[in-house]
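Each structure below is given as structure tokens.
Below, chain A partners chain B and then partners chain C, in two separate complexes.
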Partner chain A sequence: MADVIVIGAGIIGAACAQALARRGLRVLVLDAGLPGATAAGMGHLLVLDDNPAELALSQYSLQRWREQAPALPDGCAYRSNGTLWLAADAEEMAVAHSKYLNLQAQGVACELIASSALRQREPELRKGLEGGLLINGDGILYAPATARWMLDAPNISQRRARVSEVDGNRVRLDDGQWLSAEAVVLANGIQANDLCPELPIEAKKGHLLITDRYPGTVTHTLVELGYVTSAHNATGPSTACNIQPRPTGQLFIGASRQFGTTDPQVEGWMLAKMLKRATAYMPGLAQLNGIRAWTGFRAASPDGLPLVGQHPQRKGLWLAVGHEGLGVTTAPGTADLLVAQLFDETPPLAAQPYLPQRFLKEPVYA
Partner chain B sequence: MNEYADLLIIGAGPAGMAAALAAAPSAARIILLDDNPLPGGQIWRDGPQASLPDQARHMRERLEACSNIRRHSGTRVIACAGPKELLVEDADRGWLIGYDKLILCTGARELLLPFPGWTLPGVTGAGGLQALIKGGLPVHGERLVIAGSGPLLLASAATAKHNGAQVLRIAEQAATAAVTGFAAQLPRWPNKLLQSFRLFDRHYRSGTHVLAALGNERLEGVRLKQQGKILELACDRLACGFGLIPNTQLGQALGCALDDQALAVDAWQASSRADHYAAGECTGFGGSELALVEGAIAGHTAVGDLQAARQLWPRRARWQGFAKALNKAFALDPQLKSLAQADTLVCRCEDVPYAAVAGHTGWREAKLASRCGMGACQGRVCGGALQHLFGWQPSAPRPPFSPARIETLMCLDDTPPD
Partner chain C sequence: MPELMLDGRALRVAEGTSVAAALALGGDGCSRTSVSGQRRAPLCGMGVCQECRVTIDGRRRLACQTLCRDGMNVETQA
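Up next, the complex of A and B:
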């Protein structure tokens, strides 16, 4: 018997289960074992400020990650290494500057890095970049291990099972068995559409490559400011330089975005495009060995913000989906928002911008 | 500089060499690609301490004499670049090779099973030790134990003895009845009978398998279970190989179907994909004679000489019989699945112990939970072991198929398909 059933054992489902369990509830987590974004992503913890709601949720969540960090086991590979946003030209430097002002005003620790200082911080970057913006409190972790750690609690039980139907606070497994609880939390990322076709969630495919071990090559997670200006907003396939040092000394190289495909194959043309973009910022990468490439799918909502709250037409079903590329970052904030709403408490940040009714109309129940 | 071949052959072991020589009279433009410095594959690996059989030398000379065969040594296939185009890399550069027909002769690799101490310096594969010795590793005066299964143990022992090593024991896991039953069939293949007399060693013991490699910093001895009794031998090296696993990754990436764990082929050595053939150990373990005849059939077929190909069918059937007898006799004892202890490393790239992978439901889950198979070898070793131990299917191959310079990957055309 469980008080709450969580569908999905990725980072969002795990964070929700952990938060619910810490409130004394018995939680059953169902996972179908399908590939998900938690395993495919970079585990980059970053503050993003495209809009106030994104900033509020990522900033709050980063704070929560930093609080939890001492408790995370080594295998979670948490590091607070900061994100260094790279400006290639004066226009992007102006973007860096306005981000700086915006983040400063919200109390996010950050510093503008001049062109001359950039290569002192990251000697492998090419000459001639305009500068950068360093967000000191950003970090990285290994999300699959972190999700498992979150689920390792006495009142959380896990079951490998595929859910074929949800009906409010009841779920039917594909063996026909019905399970029910006080509440059901849908946190199965890109698979959420299979159970709730009315959700406005679209898959955005991404490629990643990891290199062999080259310790000390890169310190911060390096992201081009074009990531904000182009990749996020483009409708066609796009790439942006995104280089992350892993604690093993390996480097993650990303990032790509494609729409309208659910084919998980690594596509050579996209891999080449993505690597060319990264080497344009760090030419020395060309001589490093890549050992593995893979793809994943970000579950994106139309406005880029997650859907967190009760389904307005399906009482008893709670949503925690649509995190796009920020699921790992915003898992703690999502969990806190969800728990506060479930317990009818005042949430730690305004819940309004993330409520599902912005896409699903107002509740039909009282 | 990109290239085109009428016939591209991947792997220059016996199968690949035979395929190239069979196809050469057609005047097709042939490229023979291999990741070793010289043709010959594993069995005819050359090196400062290697003694090549005459047949290997002759075939190498004939290859050199064919002006329509271009060889690329030290070259690996990295990715599929287009419908009939591969991205390859050598020590200096990456480039694309387009082709009309392709023959996969990608061979096999040793099955290495984890047992306590197997990662100690001084412990290698059986074929691995042979390759190291041929490559110049001095073993003169060293005490060796060779263990595992199959005829490779004897071949490895012969190379070691030839180079002055003292072979204390050859431990064959197969039961005595299976080995003698196999030996009794050898007169069907007279040159194999001769070969077995030449290779036979008085320290050979059937029904014997390794329990542990002993030592602290490096190998000092080995614990064996010999005919039910446990014994320990002090030694300097332990070479342990449990048979061969077909290298099917490239074939799978090209869309060729598998049969059991090998590439599926028909009587013409054709795979399930049109214009793509496979021959030799990647289609199942069978030894060099079978690889040679399969390679020749594939080579003739690929250039349209079906008559020449068909004439070789009886010879292939003969060596298939040998392969069948061999595989039956040297089937692995299920006891070998329980050699590893909780703290025995399974993945040596990422230092993952047995306890961290046991209990998972499949390869992907175990990999995400433990980092098993995420290191530089990309599961070539532990993936094979875990497939044997737990029946886990390794995930489908993705580019890069081998570690490759990022520069090489950037040779792929970056324009989106229509």
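Up next, the complex of A and C:
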């Protein structure tokens, strides 16, 4: 049987399973086929610096993605196309400048782009934007294919099954069967609350639209700086311009955030608000054909950081949840943190900011 | 009776014919080739499924929602 059972075959579960299998462990991955974030998201790989812990995890993970990139099959659609953060006014340009200084100090390659140079880099942007911040090492990938690739290993077996209960290092499937292993890893995003109601995970709904193919329209992933100030911190529904070119020439257009709903229905008013926001930065988008729109759910924690480590009150159960919109980016770092803790090794970056006990109290076991 | 060009060949159709119908009358019925190389064709016929994206006079349109006009240039290879 398996040494470790991983619940959830999204990008986080897949990265954890791959890292464990590379240590020679036999891993069983259970997935219920429920909708989550991995198959719905943009697959944007980006460094975020809202706080030092977020920067540490995203910067480390980006480095790991770049190391792995040559091994990724074509279908994973990895590109290192950079993120261009857009400043609409002087206030946002000041934010760009302070991010620039912060990222430079941490060794993240980036450059400030003046207003005049912005449209040389991205000719479709509207005139009159204040400038931007280009993060050179950011990238994109197609997360569902990447998760499948990670799980395609001799030590990993996969099973379509719904877990109805977890009890430390044991899980009960909905057909009543119990499975056990040395450790169980919970990596099932917004469904984590169903198995561990004590987890402070909240679903944040997002809409996304993809256009027909328009190669060469956009080069970098374009995100408004208001994304950091408005979308991330707002408590009500919000939108932010987020435009990403896919290798097919298609464009992803996002992004939206809504709380307090788990209804996957595309909502016309929200989609319209989101597209209107994007066209405010790139008017020509209005002439393109959108061919699909859908929604997904980010599994958000109260402080925006994931929970990575052993559950303090459920020995044998390990958590890798709460990545919000950054799971694809931080999957490699999450997996390395989890494996280091499981093997009782020194992790490659400080594990403390991501430990579950910050929400769940101190461990009850020795 | 509008006459259009379909992949370089002239095609005359009845007034009121949709481009989707013209594809069936004068071509292989397909509107485009997908990123994985598959030929794709109209499905829903009512502007929802987006399968019938086709290049008309250099721009992507939905074949089922576009009526044939005289001198129109329709290309299905892209």
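Note that the second predicted complex is superposed on the first by the 366 of 366 C-alpha atoms of A that agree within 3 Å, B and C clash if a C-alpha of one lies under 4 Å from a C-alpha of the other, contacts with A are read in each partner's own complex, and residues count from 1 in each chain.
By definition in this document, a residue touches a chain if its C-beta (ideal position, glycine included) is under 8 Å from a C-beta of that chain, and two chains touch if they have at least 3 such contacts.
Source: prediction; values computed, not measured.
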| item | value |
| --- | --- |
| Fit-or-clash call for chain B and chain C when the two complexes are aligned on chain A | clash |
| First, second, both or neither for A:Ser116, with chain B first and chain C second | neither |
| Partner chain in contact with A:Asp212 - chain B first, chain C second, else both or neither | both |
| Touching partner for A:Thr346 - first (chain B), second (chain C), both, neither | neither |
| Of chain B and chain C, the chain that contacts the larger number of chain A residues | B |
| Partner chain in contact with A:Ile291 - chain B first, chain C second, else both or neither | both |
| Which of chain B and chain C A:Gln177 touches, first, second, both or neither | neither |
| Residues of chain A contacting chain B in one complex and chain C in the other | 212, 289, 291-292 |
| Touch list for chain A against partner chain B, complex | 33, 35, 39, 144-145, 148, 160, 209, 211-212, 237, 253, 265-266, 268-273, 275-276, 279, 285-294 |
| Complex contacts: residues of chain B adjacent to chain A | 79-81, 87, 361-362, 364-365, 368-369, 374-376, 378, 398-400, 403-407, 409-417 |
| Chain C - residues contacting chain A, complex | 35, 50, 53, 60-62, 78 |
| Footprint of chain C on chain A - complex, ascending | 212-213, 248, 289, 291-292 |
